[in-house]
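Both complexes below contain chain A, partnered by chain B and then by chain C.
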Partner chain A sequence: MRAVWAIACGMIKELIRKKDFYVLLIFMLVLLGFLSYQNFFQIEGISRYVRDFGYSLLMFFSFIIAVTFTAKQLPSEIEARTIYPLLSKPLSRHTVILGKFCGGVMVSVVSFTIFYAIFVGFYMTGGEGKSLVLLGQGFIFGILFLCMISALVMFFSNFMTMSANVTLTFLLYLTIGGFSNSLRGIVFFSKGIIATLYGVLYYLLPHLEFFDLRIRITHAWDPLPMWVVLSVSGYTFFYCLALLYFAGYVFGRKRF
Partner chain B sequence: MRNKPIFVILVGLALSSLMVARIDAYNQAYAIDQPASDVPVFMRFLGEGRSIVSSLSILQADRYFHGGVGHLDDEHEEGFAIAERNHEDCEHPEEHVLPEVSPFNILSRISREVGVTEHVHLHGDQMKEIIPWLYYAAEIDPHNVLAYTLTGFYLCDRLKKVDQGIAFLREGLRKNPDSWEINAELGRIYFQHVKNYEVAVQYLSQAWVLLQEAPHDKFQERYILSFLARSYEALGMEGDALPLYKRLNELFPNGVFEEKIKQTTDNRQ
Partner chain C sequence: MQQVIFTKDLYYTYGNGKRKVEALKGVDLSVNNGEIFGFIGPNGAGKTTTIKLLLGILIPKKGELTLFGESPAKPKTRQTVGYMPEIADYYKYLTPVELLIMYGNIFGINKNLLHKRIKKLLELVDLEEAANRLMRTFSKGMMQKVSFAQALINDPDLLILDEPMGGLDPVSRKRMREIIQDLRAKGKTIFFSSHELSEVELVSDRIGILHKGHLLAVGPAKDLLGGKEEGQSLESYFLKMIREGI
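Showing the complex of A and B:
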């Protein structure tokens, strides 16, 4: 566990040193500040579109940090040949993968927490239907989402270069975000071999749409029932576990 | 020949200057039809794609109207529920009809719980939440007439911001002088909210003239003519209102306008 912690701490230091996070933070602050000071026909209390933009931005920026930081871990270590001293230590390959994964998650969760705090600041200043329970669920789901993304990127790291990994993860994020409902519709309304094929795809692909509470938070819908929060947590845990196990397995078979 | 490169550069510069003058003249001529100041700088790069982004912005307003949930096509008569004037009376299912799912199909059940499916409409003061999207739709594409008329309707009828609604519609009319829709909307607002029937007649008459030149249906004709006839009546000009009611009776021979014709004829006598 100490080894995992040491690897993760190295990534946190990298986050502080790099400018990516600061650029995104300033961009978010400026954009949300601009949007909340917009005046539409002297109507006061318009808040939903600021919430909408705010939540979308914080999720997207956290996603960018999770993907870019996690994706460069293994390829950069291999390229700089710093992987050799790491592997020469008494660490299993699974521990290395777990350490890199935890580092990616910690980096993105730290950034996400700061982004979320800013979002909550804007959320609490105006509008109706403020719900602390929903905000708490949004925070938990955000962390789960980043765990899922980091595990996915870690898994892909074994097979492709950093840029290919980032591109594929972005594509998956956009595709699943945009077409998951359509895919579900096809699974339920089609029959025969097509239904089976799409069914396999539906159950195999990560359900990133589970973590999206944008509409609930923006439009002040009711919080989710507890069983859904627990189920999504369980789903994320087992999906990440499977991805990391296979990532470690493939990494263990690599010859350096 | 040592100066050959300099000579080539000078000739190139001279030719470029000539071309620049021609391009500038072309741009000036183009700008007469499409004033560049109408569109925000950051949206100019979209070119003609602006109209698509503008329509998406109206679609987003429609989603906001439904509490963030997209409605199914058959749930409203028109494409956008926000375009329906009497949507408060419309009947619709409380929830989208979804296929039955086995209780053991946990992923589908989670999907269903996380995604909101209830069919709701914004009410009262909540209507203000759709305004930013309508405003941006008009800002992005100043020729999106629907964005102006919808904004005017919601500002005046739902949020009681009549002055702002009229100012915005006038801005729209400045950018779309041939739009019968904006003229008709201004006429209606002057008739219903400002009670300035002379101005209402001006706008509605202009809308009526413009409508003749555009493809239209009898419902659009009724929309203009009914307000125009009532404006004439309010001004005591029954003689001008009577042919309009007769036209309306031709379009919709259901007895409603026959009554109005009788009343107007009686008033004149």
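Showing the complex of A and C:
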């Protein structure tokens, strides 16, 4: 575990020293500040828009950090040729993948926590209906979402260039919710082998829509039952485990 | 004397079918404990492939390969191996100290020992003043020094150096030679590849000449040059071997 932690820590230091994160942070503060200024004049229902927009923004920015930081890990090691000294150390290829994944998750979780703290500040100071339990669930689901994204990106890193990886993950992020719903409909209404094939495809796809609590938080609905939180956590754990196992397997067969 | 590196009929190819390129064609090699072994050959001879095989980065297609009697593909075997690559553009947003801490932690070195060793290594390679500077400001020569320091972080019994003198000024080259000889005096084994034939001749106990995947000659420089006309340099011998090897 010390080796995994060592690799991950290098990525955190990189985040702190690079400007990308600060640009996103300032951008988010400016946008939320502007929206809450509108709230100051008590325009009816504006607080919901602030919540909706703020939550979407923080998830999107955290997603950007998770994708860009994780996607460049293996390609930049190969390009800078630091992959050779790294692989010459007493590490298995799976450990390298796990270290890079943990680094990606840590980097995005640190950013997400800062973004979320700002969002909570706006959430608590304006509007009606506040639920700390729901905010806690939103935080947990955000972290699970970032684990899922980092594992996906790590897996794709073995097969494609950084830009292709970022593009594919971005497309998945944008379309998976709608696509999953359509697929579920097809499975429900079709029969035989077609239904089985679509069913397999449905369960293979990463269900990023599970992690989206935007509407629930915006409208301050009731918190999710505990079994849902546990089920989504279990789903994320096993999905990430499978992705990282295959990523490590493919990486282990790569010849540099 | 204990064999640190042993290969028998080592064979490696890149690609398949029509694209198949034979990089190594049955290399037999043994390097003993406490020896400095210089590995020379023209571009594309298979030197870096051999080094990658020794480090477990590549897996032989055929033949035997052991380090300290074990397969280098096992991570545990690499615990006592240090490696300095030919070119590596180390993490630009880290300092040399942070890089060495990262690698030291991978080796599982005790924290106190690690900090003492980092201080000593940075002194050894004359980088104390730049110890806490981001590496994005480093010159090629400074990067080479960092690279050398990271190869020594685990106090390795076997040091594999790929073109260690590249990018170094004459003073640093001399210093590097001295360090390599000091390491040998401490019982370390050093395997290094280089294009700098004079450097190889100066420090190596034995030399191996690789050409087109074949090991053409192995032995101490004076033995390889023995019997030849007086004043023949390793360079002229090397060129002659390569011509004959073709």
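Here is the rule we go by: the second predicted complex is superposed on the first by the 244 of 256 C-alpha atoms of A that agree within 3 Å, B and C clash if a C-alpha of one lies under 4 Å from a C-alpha of the other, contacts with A are read in each partner's own complex, and residues count from 1 in each chain.
Here is the rule we use: contacts are C-beta pairs under 8 Å (C-beta built on N, C-alpha and C of every residue); 3 or more make two chains touch, one makes a residue touch a chain.
All values reported here derive from a predicted model rather than from experimental measurement.
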Specify the outcome, clash or fit, for chain B and chain C once both structures are aligned onto chain A. fit
For A:224, is the partner it touches chain B (first), chain C (second), both, or none of the two (neither)? first
Partner chain in contact with A:90 - chain B first, chain C second, else both or neither: second
With both complexes superposed on chain A, which partner does A:9 reach: first (chain B), second (chain C), both or neither? second
After superposition on the shared chain, which partner residues are touched by A:181: those of chain B (first), chain C (second), both, or neither? first
Chain B versus chain C as contact partner of A:19, first or second or both or neither: neither
Roughly how many degrees, to the nearest 10, is the angle at chain A when you join its Cα centre to the Cα centres of chain B and chain C? 150
Give one of first, second, both or neither to describe whether A:81 is in contact with chain B, with chain C, with both, or with none. second
Chain B or chain C, by number of chain A residues touched: B
If we overlay the two complexes on their shared chain A, which of chain B and chain C does A:212 touch? Say first, second, both or neither. first
Min C-alpha distance, chain B to chain C, superposed, in Å, is 37
Within their complex, state which residues of chain A touch chain C. 2-3, 5-7, 9-10, 13-14, 17-18, 80-82, 84-85, 87-92, 95, 255-256
Can you tell me which positions in chain B touch chain A when the two form their complex? 64, 67-69, 99, 101, 106-108, 110-111, 113-116, 125-126, 128-129, 131-133, 135, 155, 159, 161, 164-165, 168
So in the complex, the part of chain A that touches chain B is made up of which residues? 38, 40-43, 45-49, 128, 180-181, 184, 188-189, 202-203, 207, 209-210, 212-216, 218-219, 221, 224-225, 228, 231-232, 235
Quick check on the complex: what are the chain C residues that touch chain A? 14, 52, 55-58, 75-79, 81, 83-85, 87-91, 93-94, 98, 101-103, 105-108, 134, 147, 150-151, 160
